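Two complexes follow with chain A in common, the first pairing it with chain B and the second with chain C.
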Partner chain A sequence: MNPVIVSLFVFFVPVVVFLYAPILYLSLRALDSFSPETLSLVPWNVIAFTYLQASVSAILSLVLGLLIALFVSENSFWGKRAISIFCEIVFFIPSILVVLSLLGTWGVQGWLGRTFGIVNFLGWNGILTGHVFLNFSLVYSNLLQALKELDRTEEKVALSLGASRWQVFREITLVKLKSAILQSLLLCFFYCSSSFIIVLMLGGAPRFSSLETAIYQAVKIDLDISLAILLAAIQLVVCLFLQFLRKPKREILMSSQGMERQTLFDLRSQRVRILATLIVWVVILGLVFLPLTHLIISGFSGVFKLDWWEFSSVLIRSIVLSFVVGCVATFLSLCGSYCVQHLNNSFLKQAVYFTTSLPIALSTMVTGLAIIVTFAKTDWFRNQMFGVVCIQALSILPLGFRILNEQFTKIELEIYQTAQSLGATQWQQLTCIEFPLLRRAISLVLVTGVGISLGESSSLLLFESQGRSTITLLLFKMMGKYRFEEAFTVGLILLILTASIFWIREKWLNLN
Partner chain B sequence: MAELKLKNIRVIRQRFELNIPSLSAHSGKILGVMGKSGCGKSTLLQVIAGFEKNMEGEIFLDEKEMTYIPAENRKMALVFQRPALFSQLTVLENVCFGLKIQHLPKNEQIARSLFWLKRLGLEHLKDFLPHQISGGEAQRVALARSVVVNFPVLLLDEPFSALDSQSRGESRKAVRDVVSEMGLIGVLVSHDLDDIKSVADDYCLMESGRIVKFETVKY
Partner chain C sequence: MKFLTAFLFCLSAVAEPLTVYTYDALTGKDSLGDLLQTEFKKKTGTDLKLIPFGSLGEALNQIVIEGESTKADFLLGVDNGFARRAIESGLFSPIAGKFFKKVDKDINLGSEKVFLPFDYSYLAFLFNNTSLKDKSLLNGGMTLAAFMTSPRIQKKIVIPDPRTSSLGYLFFRWTTEIASGIALKELWGTFLANLFTVSPDWSGAYGMFMKGETDWVLSYTTSRAYHLEKEKKTHYDYILFDDGHVIQIEGLAQVKFSRKTKLNEAFIELIVSDKIQESIPTMQWMYPIRKSVSLPASFSSLSIPKVREIKTDLTEVQRKKLLRDWSGWGRGRP
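Here is the complex of A and B:
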C-alpha cells in the first residue's frame, strides 16, 4: 500500500475523531442551547475581564520585549549575553513554576514582597506580572530575529540623505517591523486570553476570573456543563478570529549578502547607555533572575521535608505520560509532514496545513471540554489520561509539524529521482533515505514534546482523577495546601528537568 | 575644485584587512573601485559613508575632517545595487524624501523632484509605487533621490549589477551626466570592468583589501 495513503489515513483519522468531531459537537451543542435565558446566565463581567487583562498584558509584554530587543540588537554592553540567555530561557519555564517563583518572591509572604511591603500581589498585579514574565520573551525572540534579518539598505539610504536616526527608526524601521510587531501582539493576546494557571493561581478568584477559569469552575466545581459549553463557544469564536488575523506573513527582507550586520541605532552617549543597561538589568533581575534564584535556593531547603517515595512514583508517572505524549505528537507530525511532501492534491495539502495550525487557535479548556462532552459516555473516557494525551499531543502538533516540514523541504528533488532511477519503491525511499535524513529532526520533536508535556498543567487539572498525580498536579496541590517548602523542591526538580530537555534541544538545533 | 581624501584607512574583518594608505576623488569626476567579490570594495564605501564604526584612519572632504561625523550629517548620498526605494511612498515622495528632511517648502520639494524625474525620463511614473515600476526605472528613481539633495558626494555600490543591458546603458549615462553637470564627487564600486570603463574617469583595482593598481580610464 502507498505510504502516502497510509500517512494520510493515520494523520486524519485521529485528528478528525479527537479534534474536528469534538469541536463540531461542542459548537452544535452550544448552538442548541443558545437562547435569551442561557445568555442571561453568561458572566459578561468575566468575558470583559478576560479580554481586558489580555489586552493590557499583551501591550506591556510587547513594549518590554520590543525595547529590550532593540537595546540588545543595537548595543554592546556589559552582561549582554546573560540578558539574552535570561530572555530566552523564560520561554521554556512552565506556567506553574512562574506562579511559584513569583509568589515566593513578590507575594505577600515572598522575600521581596515583605521587603517592599506589598499588601496584595494577587489580582491585577499578579496576573499582569505572570503574563508579562511569560510573554515578553516571546516578543523579544520574535523581534530580535526580525531585527537580525532586516535588510538595512533603506535605513542607510535615509541616513545618507540626512534623516535623523529617530526619523529613520519611526518612518522606515518600525514600518518594516510592523508585521512582526502585530503578529507578536496578537500571539501575546491569544496566550493571555487563553491563559489558565496564571489567572487561576494569581487572580485571587473568584474576584478575578477569566473565561478559562470560568469554564474550569463550571465543569469541575459547579458541574454546569451547559454554561461551560456556552463559555467555551465564546472563547472558540474569539480564538478562531484571532488565528485568522494572525496568519503569519513573513515580509522581512534578508540582510545583504556577506556583510557583517551594522548597528544604526546604538546609544551614542556612554551615560545614556550605562543608564539603559542598568534599567534592563533591574527589570530582568526583578522579573526573571530573582524569582528563579529564589525558587532554586528554596528548592534545596525543602529537600528533607519532601516525601520522596510519593514523589518518585509521581515523577515516573509524569515521565511516562510525557514520553507517550511526545511519541504521539511526533508520529502525527511525521505523518502530516510526509503527506505535505508527497501529496499532489493541493486541497488535501491545504487541509493538512490547516489542521496543523488549528490547535494553536484552541485553548486547553475549549479542547478539553469538547473531548469531555463528546467522549464522556465512552469506555475510552474511563482512562482519564486519554484526554490529557489527546490535548497535549494536539497542542504540540503545530510545532512538531513545522520542524519536520522544514526538514522535508530540504531534501532535494535529485535525491528522490536518483533513488527512483535505481529502482527504490516509496517505502524504501521512506525507510532508507527520508528517515535517516530526518532522524535528528524527529528526535528534536520528541524531546520538545516531552519537555512541553512535563510542564503542562491545565489539561491535567481538567482531567484530574483521584490518586493519579503528576509533577504539576502535585505542585498545584502542595501550593493549594500552603506546603510551600515541599512545593519549591518539586518545582526545582521540574525546573531542572525542563531546562535540561530544552538545553538538549538547543544543542541539537545549533548542531543543525 | 572639491576633493574627497582618504588617509591610512584600516578595517579588520574576518576574511581580509582593508588597508588603504591614500585615495582621493575630485568633483565632476567618478572614481571607480573594482575588484572581485569579497575584496573589500563595498566595505570601503561603507567607511566613506560613515557606517563602519570599527575603522582607523582619516577622511577629509574639502580639507574638513569627516572621520567622526555620523552618517546622517556627512552629506554623502548612497545608491545601492538594490534601489531600496521606500515601499510605502510613491516615486515622487521617494525623491522628495531628502528634501523633506531638510524642511524645504512643499512646493519647492515637488518642483525640484519633478525636475530630476523629468531629467531622467521618469516623470510619468511619479505617482507609482516602487513595486509597480521596473528594476531599471527603480534604480534611476534611486539616483534621482540621491542627487536632488545636492550633496557634494555620490557613492554608488554596484548600482547596475541587477539591471538588464538596456537599463544598464540608460543608468550608466544618467550617472555620468549627473556627476559631470552637478560637479559631484562620484565613487563607483563595481566588479564589472565595462561599468567602470563606461562611467568612471579613474579607477583602482582592489585585491584582499588593498589597492593594487590605479589607472585613468582611456576612452
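Here is the complex of A and C:
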C-alpha cells in the first residue's frame, strides 16, 4: 500500500475522531440549546473580564516586548546576551511554575512583596504580571527576528534626505513592523484569553473569573454541562475568529536576509543608554530572574518535608504520560508533514495545513469539554489519562508539524530523483532516505512534546481522576493547601526537568 | 470443585473492598479515614478503600457520572450545606433508623434519614491574638453583618470559596439567613471588597492565616482546640456573634446502587461507634455526635456560641443562580 495513503489515513482518523467530531458535536449541542432562556444564563461579567484582562495583558506584553526588542536590536550594552537568555528561558517555563515563583517573590509573604509593602498581589496585579511574564518574550523574539530581517534601505535614504530618526522610525520602520506587531498582539491576546492556571491561581476573588475558569467550574464543580457548552461555544467563536485574523506574513520581513545590518535607532546619549540598560535589567530581574532564583533557593526548603515515596510514583507517572504524549504528537506530526510533502491533491494538502493549525485556536478547556461531551458514556476518557493524551498531543501538533515540515522541505529533490531512478519504492524512500534525514527533527519534536506535556496542567485538572496524580497536579494541590515548602521542592524538580529537556532541544536546534 | 468454588468465593470477597468517596482532608496518614480503614479491617476482615477528591462536590459529581456502575458504596463528609444537592441527585438510599438512635436528637441532617451525622462544629472567624493590631472588634456586641462590613477587617480576612468549598458555601448560606435581595448583595459587596482573597478550600485559607498573610480566617470554633491541644498555643481564638453561629454537621450517605448489605451495615455501625466517636475530637477537631462522649480538656475551654439555624431550603437551580449572582457582586469595587 502506498505510504502516502497510509499516512493520510493515520493522520486524519484520530484527528477526525478526537478533534473535528468533538468540536462539531459541541457546536451542535450549543446551537441546539440556544434560546433566550440560555442567554440569560450567560455570565456577561465573566466574558467582559476575560477579554478585558486579555486586552490589557496583551498590550502590556506588547509594549514591554517591543521596547526590549528595539533596545536589544539597536544597542550594545552590558549584559545583552544575558537579557536574551532570560527572554528565551521564559518559553519553557510551565505556567504553574510562573504562578509559584511569582507568589513566592511578589506575594504578601514573598520577600519582594514584603519589601515593597504589597498588600495583595492576587487579582489584577497577579493576573497581569503572570501574563506579561509568559508573553512578553514571545513578542520580544518575534519582533527581534523581524527587526533583524528588516530591509533598512528606505530608512537610510530618508535619513540622508534629512528626516529625523523619530520620523523615520514612526513613518517607515513601524509601518514595516506593523504586521509582526499585530500578529504578536493577536497571539498574546489569544493566549491570555484562553489562559487558565494564571487566572485560577492568581485571580483570588470571584470577580476575577474568566471563561476558562468558568468552564472548568461548570464541568468539575457544578456538573452543569449545558452552561459549560454555552461558555465553550463563545470561547470557540472568538478564538476561531482570532485565528482567522492571525495569518503570519513573514514574507514581508524576509526581504533582506543575509544583508549586513546597520543600527539606526541606537541611543546616542551615554546617560540615556545607561538608564535604559538599568530599566531593562530591573524589569528582567523583577519579572524573571528573582522569581526563578527564589524558586530555586526555596526548592531546598521542603526537601525533608516531601513524601518522596509518593512523589516518585507521581514523577514516574508524569514521565510515562509525557512520553506517550510526545510519541503520539510526533507520530501525528510526521504523518501530517509526510502527507503535505507527497500529496498531489491541493485540497487535501490544505486540509492537512488547516488541521495542524486548528489546535492553536482551541483552548484546552474547549477541546477538553468537547471530548468529554462526545465520549460521555466512555469511562476511558474520565478514568484513564486518554483525554489528557488527546488534548496534549493535539496542542503539540502545530509545533511538531512545523518543525518536521521545514525539515522535509530541506531534503533535496535530487535525492528523490536518484532514488526513483534506482527503482526505490516510496516505502524504501521513506525508510532509507527520509527517516535517516529526519531523525534529528523527529527527536526534536519528541523532546519538545515531552517537555510541553510535563509542564501542562489545565487538561490534567479537567480530566483529573482519583488517585492518578502527576507532578503538575501535585504541585497545584500543594499550592492550594498552602504547603509551599513542599511545593517549591516539587517546583524545582519540575523546573530542572523542563529546563534539561529544553536545553537538549536547544543543543539539537543549534546542531541543525 | 467445592474447594475451588469456596476459594473463588473467598478470593472475590477479599478482592472487593468497601469503597468510600470522600474529600481529601478525611484521608491520609493519621486521619479519621486512616483509623476507619484499620478498624473496618479489624471488624470485617475486608479492606476499606477511601477515594479522595479535591472537594465533596467533585466526589458527588463522580457518582453522578458513574451512575449505576459507580464503584462507590458511600459518600463520606456530606454536610448540611450540601445535603439538599445530594438528595436531589437521587443517588442515595435511606439509612436504617436504628443507627440514628446513636445520634443526639438536635444533630440531624434532614428528616429523610439519608445522611447519618458523624461530627459537627460551629462556624467561626478565627484570629491570632498576638498579631491582631486592632482589637476593637472583640469588645462584644458584634453581629455577623457588622463584622462583615467593618473597615477594621479590610484586606485582612480570607474565606474558602463558596463555589468550591462546603464550608464556604455554608457560610454563604449563613449570610442568606441574615439578609436577602439587595441587602444581601450590598453585604457581600462590602465583604468581598474587605476580603484578602477567597481560597478554593479550607486548608488553603487556613494555610494563609497560619502564614500570617491574614488576621482572620473562616474556620470552626474547634480549631482553637487544635492549637490548645497540639501546640499549646492560646492566642488563636474566635469572635462570638450575638446573633448566633451556624453549625456544620458532617454525615455519611449510602449509595443506592451498593449491594454490599452486610459490609455497609458494618461501616455505618463503625462510624457511630464509641471508638470512632471518641477519636473525632482529636482527629477531625470537631464535636462527636453524642454528648455522652468524653471530650479532651481543650474542648471544655471553648465557648459554645448561640446556634443560628438555616431555615430556608434552596433547590439546586436556586443554589446555582445565587452563586452565579454572588460571583458578580464584588465587581466594580476596588
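In the analysis below, the second predicted complex is superposed on the first by the 499 of 512 C-alpha atoms of A that agree within 3 Å, B and C clash if a C-alpha of one lies under 4 Å from a C-alpha of the other, contacts with A are read in each partner's own complex, and residues count from 1 in each chain.
The definition used in the following text is that a residue touches a chain if its C-beta (ideal position, glycine included) is under 8 Å from a C-beta of that chain, and two chains touch if they have at least 3 such contacts.
Because the structure is predicted, anything quoted here is derived from the model rather than measured.
J.: Looking at the superposed three-chain arrangement on chain A, would you call chain B and chain C a clash or a fit?
T.: Taken together on chain A, chain C would fit alongside chain B, as the superposition shows.
J.: Going by the contact rule set out at the top, does A:156 touch chain B (first), chain C (second), both, or neither?
T.: Only chain B; A:156 stays clear of chain C.
J.: Given the touch rule stated above, what does A:220 touch, chain B (first), chain C (second), both, or neither?
T.: In the superposition, A:220 touches chain C alone.
J.: Quick one: classify A:206 as touching chain B (first), chain C (second), both or neither.
T.: After superposing on A, A:206 lies in contact with chain C but is clear of chain B.
J.: I'd like to know which partner A:164 touches here: chain B for first, chain C for second, both or neither.
T.: In the superposition, A:164 touches chain B alone.
J.: Between chain B and chain C, which makes contact with more of the residues in chain A?
T.: Chain A has more residues touched by C than by the other partner.
J.: A:482 contacts which: chain B (first), chain C (second), both, neither?
T.: Second partner only.
J.: Is A:46 touching the first partner chain B, the second partner chain C, both, or neither of them?
T.: Second partner only, chain C.
J.: A:172 contacts which: chain B (first), chain C (second), both, neither?
T.: After superposition on chain A, A:172 lies in contact with chain B alone.
J.: Closest pair of CA atoms, one in chain B and one in chain C, after superposing: how far apart in Å?
T.: Minimum C-alpha separation, chain B to chain C, in the superposed model is 44 Å.
J.: Counting contacts the way the document defines them, which residues of chain A are shared by the two interfaces, the one with chain B and the one with chain C?
T.: None.
J.: In their shared complex, at which residues does chain A touch chain B?
T.: Against chain B, the touching part of chain A is residues 151, 153-154, 156-165, 167-168, 171-172, 175, 256, 258-260, 262-264, 268.
J.: Given the complex with chain A, which residues does chain B contribute to the contact?
T.: Interface residues on the chain B side: 13-14, 37-38, 42-43, 46, 49, 51-53, 70-80, 82, 84-86, 88, 97-98, 101-102, 142, 145-146, 149, 151, 155.
J.: In their shared complex, at which residues does chain C touch chain A?
T.: 21, 24, 51-55, 57-58, 61-62, 64-66, 69, 155, 161, 163-164, 192, 195-201, 203-204, 206-208, 210-213, 320, 324, 326-328, 330-331
J.: Sort out for me which residues of chain A touch chain C in the complex.
T.: 41, 43, 45-46, 107-109, 119-120, 122-123, 204-207, 209, 217, 220-224, 379, 382, 464, 466-467, 477, 480-484
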